[in-house]
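Shared chain: chain A. Partners: chain B in the first complex, chain C in the second.
And then the complex of A and B:
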């Protein structure tokens, strides 16, 4: 099972929502994943525990060696299919 | 979850704000005066907006969703404002971009996991151009609450 982290500034609203959206999209495609919302400040300590990272913060704040997907498209719908395709590729790897 | 998350005195239609700081201060002050947030909320929400902006370039009416950590919140609510003139926010996920927000959802949330369903449903309209337009053009506070409650619950 692939472990996916979604991080936003405070772990309050956006990361939770994106995590639940991604989880249900993956379930619809029978992909075995665990999607968790985390807050950005704790990410540094736990980033090595995830296989894929979905980012809702600016790219310049991201400095990890983990495959990264954009989270905003899952909120606005703009570019969502494209990001989901990328995510599926990473999950199947 | 009951449907008391929206309140008529926290709905603002055709609101005039000079800029982002003015808007965040005014709305934080109103939430504070009505007992929804602590005194510290205003500074916290302003700081968080600088670190992690909340503007969203949706396919329709542009949105800002200012919020901060639950530690600054006393009672959960969502303040809703339609803006007469757009107010510039930075874009979530890409702070090099600006968002000319016309619709503001200011979140005061004590328990993000407990409110996940409401937050998800609120954000589900962010990809819906027609719904956003309909919400933005609402000209009556009770209608606004009715429309949003239909989405949230």
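And then the complex of A and C:
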């Protein structure tokens, strides 16, 4: 099972919105994943525990050694299918 | 008879009646029965869990806070519980869920009439409107006026979202989105301070690397660390022995880490409804260009937001003590001491100039303390009335990060017919018009650069 993290300011609202969305999209495709909403501030300490990171901040602010995909499309709906395809590829790896 | 039934249902408390409403609503938006029931129960657990954690926190911090009051003579009788319990109080308002259609309908009408280019899909922060509405309804006794205030806030948030879109893009490089969070309704005041700072020589010359600074002091932004420090500080000022200082510090740290975990349950329960509503809104405007309004965390990648929020902490404590001597503040800043409600709009207005941000945030901080103090009795009473939280008698609760404090205080008192509130809302309106022009000019310049 792949572990996916989504981070936001409190690990509650935005990140949980994206996490719920991705979780239900994965369930529909029978992908075995666990998507967790986490706190942006503690990301540095826990990033190693995940396989894929979904980021809702701009790319230049990310420097983690984890495959990363964009989270904003899951909030706006624009370009969501493309990002989900990328995510599926990463999950199947 | 009908009234009796309603009273009986409300008397059961939010943890019982809201899950029932939630399950019915879930079935209305065509959720599967199993998922709807899980959502409903999760919502009940969220309320109950919040009560447990808050009770736990009060058991440790309340005696320490009272000791502090007795020992120092400072009249700090209200505890800042942070946004999580306050959102529980807002969601527990019997009319809370009706704010969803209010926000959606106003937004769709404004888009159709081209009064805004912003589609706000942040349906979590509907609770910000609910909070304003509950405060208005509580003080004026009129639910209708509550919804009027909520509606006004929806409109202002959308216009504010239009105004800051270009600068949000400048700060994050994320296209097509803007921030519609109520924290930006402090923008007019912050912009005024920023404008005055234009006349101070040398202010733009200070150059600080925020990312580097964040690496060094970022640890203080952790809920656990800050909870431990401030909890310990209160116990220390209360004259506790070292052993008890450490126990209090650890208990407060525990509560501050558990609060967001419990609040996450609210989000899990509400996510399917919010998602269905968001999809509905998006489907209505295919082909029309608009920005998507989001909650603030897409700005959280900017280190400036955290750095200033952390260096502000000692200043908040000094101001809290100082203002209490003048009788203006009764709040002990605690759970929302890392004020990430003032720093994002300050960053956008100051365009990441750290020194400007810092000065703006210091000047803005008293508003938060004073307004949180003013609303403490109402918030405490609302918590008791809705059975959301059982707080000990005499212990007031409030929320320092009360977003857009000037707007909230003014609209509540204006709708109650108070002269001070009407004056406050007049000042807000004049400043907002000036801010509108100010930002439009700046946006035109930003467009030219592109």
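Definition applied: the second predicted complex is superposed on the first by the 93 of 93 C-alpha atoms of A that agree within 3 Å, B and C clash if a C-alpha of one lies under 4 Å from a C-alpha of the other, contacts with A are read in each partner's own complex, and residues count from 1 in each chain.
Throughout what follows, contacts are C-beta pairs under 8 Å (C-beta built on N, C-alpha and C of every residue); 3 or more make two chains touch, one makes a residue touch a chain.
In this text the structure is predicted, and so the values were computed from the model without any measurement.
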Superposition on chain A - do chain B and chain C clash or fit: clash
Contacts of A:17 with chain B and chain C, given as first, second, both or neither: both
Touching partner for A:65 - first (chain B), second (chain C), both, neither: neither
Touched partner set for A:30, first chain B, second chain C, both or neither: neither
First (chain B), second (chain C), both or neither touched by A:42: second
Part of chain C, among the options 117-125, 207-215, 225-233 or 243-251, whose backbone runs into chain B after overlay: 117-125
Residues of chain A contacting chain B in one complex and chain C in the other: 8-14, 16-17, 20-21, 37, 40, 55-59, 72, 75-78
Partner chain A, residues of chain B touching it in the complex: 48, 51-52, 54, 56-59, 65, 67-70, 92-96, 107, 109, 112-113, 116, 119-120, 123, 126-128
Touch list for chain C against partner chain A, complex: 83-84, 121-122, 124-125, 172-174, 176-177, 218, 221-223, 260, 263-264, 266-268, 271-272, 274-275, 278-279, 282, 292, 294-302, 306, 340
Chain B partner contacts - residues on chain A that touch it in the complex: 8-14, 16-17, 20-21, 37, 40, 55-59, 70-72, 75-78, 80
Chain C-facing residues of chain A, complex: 8-17, 20-21, 37, 39-42, 44, 55-62, 72, 75-78
